[in-house]
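Next, two complexes with chain A in common: one pairs it with chain B, the other with chain C.
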Partner chain A sequence: MADQLDLEALDTADKAALERLIIALADTKRLLGIRYSDWLIGAPSIETGIAASSMCQDEWGHARLLYAMLKQLDKDPGPFERERPASEYASTTALDEEAPDWAAVVALMVLVDGAATAVLTSFAEGSFDQANSRVPKMLAEEEFHTSLGAAWYRRLADADGEARTLLTDATSRILPSLLTWVGTDDEANGRLVALGVIEDAEARLDRFRDGIRDLTALVGIDVDAVEPAGEWDSTRGRTSGHPAEEAVERARGDRNRALFVE
Partner chain B sequence: MSSPGLPVVGRLDAGLPTRVSVHKSGGRDQWSAPLAEEPERPVEAVWAALDEVLDPEIPISLPELGLIYGVDFEEGAVVVRLTFTATACPCMEFINEDVRDRLESEPWIESVEIEEVWDPPWSSERITDRGRKKLRELGVGV
Partner chain C sequence: MNEIVYDVFARKDRGDTLVHIGYVDAFDDETAKVYAWKTYDEERWFEMCVVERTAIIPVNRNEGVFANARSAAHG
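Up next, the complex of A and B:
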């Protein structure tokens, strides 16, 4: 574990870099929950739909805890959760659109959850005490997602015909931008690495690739040979574009504004 | 999930139930009468009070479930360090309200602060032996 981060000693740019990381992770968790929720009805079995429901619940719990970390930077999490337009969301690009088929959901389980887990593991072991204390519980919950995702990935990879093709296509589509997201090495990231908040890009990429290498190999994709892709937006800490407005309306809870209790 | 208004059909503290009891929220229909004045060992008394607060979904207490990580008491002010079984536990608000209501019923407690903690992460290993025994009697494997 790194020496504890002294928040009082951070300059404005350091705080902005930490804020960007927290929001990117929180937004990714929230949108991932929405993408799982899209398949609560329509999953291949009732049991799988229930599993998707549980994963959705977990992701939103993780998002809640992550947004709450903004209080340490003297920021009110409320506006970040409920007032930003889609264009300001920092969720990873793979979540911008609804998964078109179940194979794509499985790819999200393995690849997006895998990418978020790699970054969160690094964050948990860094110098920010809120990550040290809160992220391990998230990672414990993620173990179930990893198991389910891996089981489905193997099942579809072993299948003949369309299922395997859809899984291969989804993996090929999602992976390049995730490699960019996990492996960002821009100025803000450099600050966080220097502060011990997070590991450097190569270490994070190693974690990510190690977690998925054997699975993607099942569909003939060598994760070490895939090139990162996407135009980097250093303001938000993600590649260009943004999630669909309809998904962000749900993320913000636009229909429930009268019911907010916090 | 508790169902307010339904009759109580068993008491956990009078021996293990022969069937699942139905309790009011947090087991409040079984809470002890408040103490008239501050006890000699207030922290122990707070723990005892918390041990009467049942989880909303399974009828064992919050300490038995391993959710209470610590209690402080100073001049009438109580701080309860509390975790949840899951980061998106749907019963968070119920549990907080039950804890607050139970402790604030004591006249010697002037304020209750609930501090949500996640370190160390809760797992079923934190369930006490007494909690495990009750859960087994209810047919829940732990």
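Up next, the complex of A and C:
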């Protein structure tokens, strides 16, 4: 564990970098919950739908905890959760559109949850005390997501025909932008690395690749040979584009805004 | 898809009796564990276990779900 971060000693740019990291992780968790929720009905079995429902709630709980960390930076989480347009969301690109089929959901479970877990593990072991205390419980809950994702990934990879093709296509589509999301050390992330908040890009990528290497190999994809892709947006800390408006309306709770309970 | 029935047993507290709380259909042990934990999450269980239904050996009944599952699997 790194030496504790002294928030009072941070300059404006350091605080902005930490804020960007927290929002990118929180938005990714929230949108991942949305994408799981798209498949509560329509999953291959009742048990899988229940598991997806539970994972969706886990992700929203994790997002809530992450947004709440903004209070440490004297920021009110409310506007971040409920008032931003889609163009300001920092969730990873793989979540911008609804998963078109169950194989794509499985790819999200393994790859997006795997990427988020790699960065969160680094965050949990870094110098920010809120991450030290809150993230380990998230990671414990993620172990069930990892087990389910890996079991389904193996199953679809072992299948003949369409299921395997869809899984291969989804993996090929999602992976390059995730490698960029996990493994970019721009000026802001460089500050966080220097402050001990997260590990450097190479270490984060090693964590991510180690977690998925054996699975993607089942569909003939060598994660060490895949090149990162996507135009980096340093304002949000993700590649260009943004999640679909409809998903963000749900993330913000636009339709039941009058019913919010604090 | 060929799925396997797993029975789910759990206890709320250390020292409680392990009780049968339900079952899940799953395709392997790993998915059975996840499905059981996520489906029967109404309590903060101290311990939960799953077991393939066909592995349960009926002692005093030769009919019912456990006996039927075992005879279907083992003859």
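Annotations
Heads up, the rule we're going with is that the second predicted complex is superposed on the first by the 262 of 262 C-alpha atoms of A that agree within 3 Å, B and C clash if a C-alpha of one lies under 4 Å from a C-alpha of the other, contacts with A are read in each partner's own complex, and residues count from 1 in each chain.
By definition in this document, contacts are C-beta pairs under 8 Å (C-beta built on N, C-alpha and C of every residue); 3 or more make two chains touch, one makes a residue touch a chain.
Since the structure is predicted, the reported quantities are computational estimates derived from the model, not experimental observations.
Using the contact criterion defined above for the overlaid structures, shared-chain residue A:W39 touches neither chain B nor chain C, since it reaches no partner. Of the two partner chains placed by the overlay, only chain B lies in contact with A:R64; chain C stays clear of it. Of the two partner chains placed around the shared chain by superposition, chain B is the only one that A:E141 touches, whereas chain C remains out of contact. Contact with neither chain B nor chain C is seen for A:F128 once the two complexes are overlaid on the shared chain. In the superposed model, A:W181 makes contact with neither chain B nor chain C. Within the superposed three-chain model, A:A151 lies in touch with chain C and out of touch with chain B [touch as defined at top]. When both complexes are overlaid on chain A, the residue A:F208 reaches neither chain B nor chain C.
Considering their complex, residues 86-90, 93, 117-123 of chain B touch chain A. Listing the residues of chain C that touch chain A in their complex gives 1, 3, 24-28, 30-31, 33-35, 37-39, 41. Those residues of chain A whose C-beta lies close enough to touch chain C in the complex are 44-48, 50-51, 53-55, 144, 147-148, 150-152, 155. Across the complex, chain A meets chain B through its residues 57-58, 60-62, 64-65, 132-134, 136-138, 140-141, 261.
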